[in-house]
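A single structure is presented below for examination.
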Amino acid sequence: MCRWMAYRGQSVLMEGLLYKTEHSLIEQSRHARMGVEPFNGDGFGLGWYGQESAPGRYRSLMPAWGNRNLRDLAAHIRSPLFLAHIRATTGTPVQETNCHPFGHANWLFVHNGAIDRFHEIRRELLFAVDPAYFDVIEGSTDSETMFALALTFGLQEDALGALERMAGFVEETGRRHGIEHPLQMTLGVSDGERLYAVRYSSIGESRTLFHSADAQALRALYPDHELVHSIGDEDRAVVSEPLGDLPGVWVEIPEATALIVQDGPDEQRAFRPRVAETVA
Amino acid sequence: MCRWMAYRGQSVLMEGLLYKTEHSLIEQSRHARMGVEPFNGDGFGLGWYGQESAPGRYRSLMPAWGNRNLRDLAAHIRSPLFLAHIRATTGTPVQETNCHPFGHANWLFVHNGAIDRFHEIRRELLFAVDPAYFDVIEGSTDSETMFALALTFGLQEDALGALERMAGFVEETGRRHGIEHPLQMTLGVSDGERLYAVRYSSIGESRTLFHSADAQALRALYPDHELVHSIGDEDRAVVSEPLGDLPGVWVEIPEATALIVQDGPDEQRAFRPRVAETVA
Amino acid sequence: MCRWMAYRGQSVLMEGLLYKTEHSLIEQSRHARMGVEPFNGDGFGLGWYGQESAPGRYRSLMPAWGNRNLRDLAAHIRSPLFLAHIRATTGTPVQETNCHPFGHANWLFVHNGAIDRFHEIRRELLFAVDPAYFDVIEGSTDSETMFALALTFGLQEDALGALERMAGFVEETGRRHGIEHPLQMTLGVSDGERLYAVRYSSIGESRTLFHSADAQALRALYPDHELVHSIGDEDRAVVSEPLGDLPGVWVEIPEATALIVQDGPDEQRAFRPRVAETVA
Amino acid sequence: MCRWMAYRGQSVLMEGLLYKTEHSLIEQSRHARMGVEPFNGDGFGLGWYGQESAPGRYRSLMPAWGNRNLRDLAAHIRSPLFLAHIRATTGTPVQETNCHPFGHANWLFVHNGAIDRFHEIRRELLFAVDPAYFDVIEGSTDSETMFALALTFGLQEDALGALERMAGFVEETGRRHGIEHPLQMTLGVSDGERLYAVRYSSIGESRTLFHSADAQALRALYPDHELVHSIGDEDRAVVSEPLGDLPGVWVEIPEATALIVQDGPDEQRAFRPRVAETVA
């Protein structure tokens, strides 16, 4: 059971959100509150957008909590859009190629959850990956397979539609193999422009996912809170667990829901896995 | 706060004690029950005696729980005397040279605990190390410094006396610097013949330490328990936390006490830090 | 371009062959003489048979030359049959799951060479792997794919036949994709009883491979050489490069040839890739 | 024998100098031309100045050549002043705390060379380190000891003077121990404003060191060379080995010489080790 966070907004030093909150992601690597496991020590990864066209990535198979490089990089790199992930493996090897975010071209992808009895359907899922995206797969996780399938189903043209088709395909394949609840997931996905966050599970009891509340509402709620007043109108964080305890700051994303964080008003809509007629 | 275990007795595959008990050391790396921290993910180490004169060591900066090499080695190496350690750093870097057991010639040394405010007295403690043993120090932990000091105070001639002089010197140095309770430790030390286990702290509230009960008594207590009957008369394990919940199997080592595990009857005696007149 | 060695014979400490020869495998990790690359620093691995039914493995993504754990393990583990491999990646990630030997049940497999333009045919080769062996694949190398294919083609029943069918299938697949010389390989394979060594390449200019000369002949050649006289009649080493310069000790294995090292006389025979009628 | 490079000038993406030259530093990690060893695979490090007061650092115990994180970071971080180092250990452990650059406050320090018979005088050199700087030492190299001594001798007030006193102290200590030629070094040191480069050895045959030629002169020499014309008047690189073969671009720094790269004209002066009356 992993943990992740994503941010889109003003360009900020990444350490602010990764380290300097009450219950930061790096703190969660040691002491998760809402997870199945109390800690996430099987590697981590960071992906960020900057001035270059492709995002940067830093992934490591070491635990995040004691990693000095991560601390240093987070204290020196500014970004208007980044995703971070801490991993707790469900069995696949601890190696950099199994660390999130996975990437292809300008896309980044993080996942918390699992495909149930993945090993039984891994081969079939892999075979459905478009040959054009097969080389995206360097590791052995269910998460990376989901990313390659999402690319196969058209992620680059229709992000949420492709994620729904990916989820539908995984569920359909799983159920054909007698797996009752094949998919459990929260997803963070970005093309460098928008940030897509999804909360969904076949069983209807998904891993937790929150977004930060509207900045204007927060300022009204906390007229004297300095940090709250530094939040810009367009700044938005999405997190597996709230980064602090201030009431009203974190809003749970409902079951089977997708959030699109973008310039102007963000959008929230139902997430409905769909079985594609044919693989795109 | 680390965790360790040591074994002396019949030659056994190490995996039996490291993995195959109810609450094994490797399980403790994820879910310690009695520790200050619930897990120990900052590296591990294994030292064992075999047919060669010097002991073998395998140390890694990765968490023990997911380490496939450790699992494989433990499943293939038999030893009549070994020590294993899982680390939770109190601040010094996560690197192999900071992983226990520390070694010199035929000696191995593991430690759980800390020297309080070590950074303030590290330099002074290092300067007291005999130049002949200075190169033993490759890392930056308080534990390794304690080992080098124990060698300095005559570990190879009079093991427990040297450990008492080391503890006395650390306490005396700490107190001169205004540190009220300088030393907290359980130690596991061996020369390949005997196993020395020590439980001591300046404050008189030491980290937990247990030894396995007498094999004959255990067989009388559990006349039908197969595993219990496989324990030989001379087999003894010493552990930071009991490896299982069977009543009567684990005996707490008292405060300020040293245990000598050896051929024939083991010895238990008071451990009294002493200030040496001069460095040996 | 990797380097490997294998040994079958009297039970010996592995360090003798890995470290203590003039031009040992670990020395080759820094200074290969016959390789395309002068060094092999992208990880290593060791697999050995002992008293347990499954072989032990120790693999690491670090260079072999400075690895203290490897040195210690080699100095403490005795084995009558082991394989060691040092890796120079041709592009796939440096991670433990890409390090040789690959293993399944009682089998170990090492490879030097490459499948030409592997990325173009990787997906097709993977799809030919029997679902029963698909989970053997944890990494992303051509070598591991070859191992999974060999298992698919019956390695456990007819080792050399399966290797010939694997090679034939790779060549046939490659040629269908317009790859002129698809396969370049020397292989070391064992089930714990026999050691199979193969030298083959589509182009007919294979990577070097040598076996140690007959012990009796060597003793006649060097009547006063102490080390030579310690070699038992059944001891045999197979190496990518000679471990020393003593004339007559190392015999080149011819092109397109397989060697079976076993109790009694070893066998050498032609290695002829074959296209299987159907996947087994 | 290590290799390093440093750059001061216009803010640039670090990958340009680290990867995109004919004979770049990362290429040198595989194929050094002028070194004692043909490759440098025992870790690497990168230190850069940006908008924050303290420099950023990324160090790893893996070889530089295959490191994807390094490639990604170099492709995303711009800096007007950075130092990079690839390591070939002379015996001390391969660990991040032994990788250059070493750092303290706003200072960074890289070294190529060695203190001869360091182990014999390590303890004495360490004891001369000011207690205020003792905690700078986290690893076990001669280089880090030299940095801590330079801080002790006043690096932050008088950089070159302190380096001369450090060199003098090392030579004096070594000679007292019968070491004929105690010191071999090229140094790259920065406070974020200036870049100090030093070439010196007790024997008078120092490791190679070069600086890039004057930009104006280069433009006159190569009126049609696009890359040459992108070099700003204040841009300067200092390197262990030339990054390319274009005649006139790289100028050897003479024996026993220090170069100060700064705003306005750079300075070159004699470097003369001095024995300090007392430790500062």
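Order as written gives the chain letters A, B, C and D; numbering starts at 1 within each chain.
Basically, contacts are C-beta pairs under 8 Å (C-beta built on N, C-alpha and C of every residue); 3 or more make two chains touch, one makes a residue touch a chain.
Here the structure is a predicted model, which means the values were calculated and not measured.
Q: Common contacts of chain A and chain B?
A: Chains that touch both chain A and chain B, as defined above, are C, D.
Q: Could you tell me which pair, B-C or A-C, is linked by more C-beta pairs in contact?
A: Looking at contacts between chains, B-C has the larger number.
Q: At the place where copies chain A and chain D touch, is the share of residue numbers found on both sides over half (same) or under half (different)?
A: Looking at both copies, the contact residues mostly coincide.
Q: Nearest whole angstrom, what separates the Cα centre of chain B from the Cα centre of chain C?
A: Chain B and chain C have C-alpha centres separated by 40 Å.
Q: Counting only residues that touch at least two other chains, what does the list for chain C look like?
A: In chain C, the residues touching two or more other chains are 68, 93, 96.
Q: Going by the contact rule at the top, pick out the chain C residues touching chain B in the complex.
A: That would be residues 13, 48, 50-52, 54, 56-60, 68-69, 72-73, 75-78, 96 of chain C.
Q: Would you mind writing out the residues of chain B in touch with chain D in their complex?
A: Answer in residue numbers: 92-93, 95-97, 119, 122-123, 126-127, 129, 131, 134-135, 137-140.
Q: Which stretch or stretches of chain B touch chain A in the complex?
A: These residues of chain B touch chain A: 30, 38-39, 41-42, 61-63, 65-66, 68, 89, 93-94.
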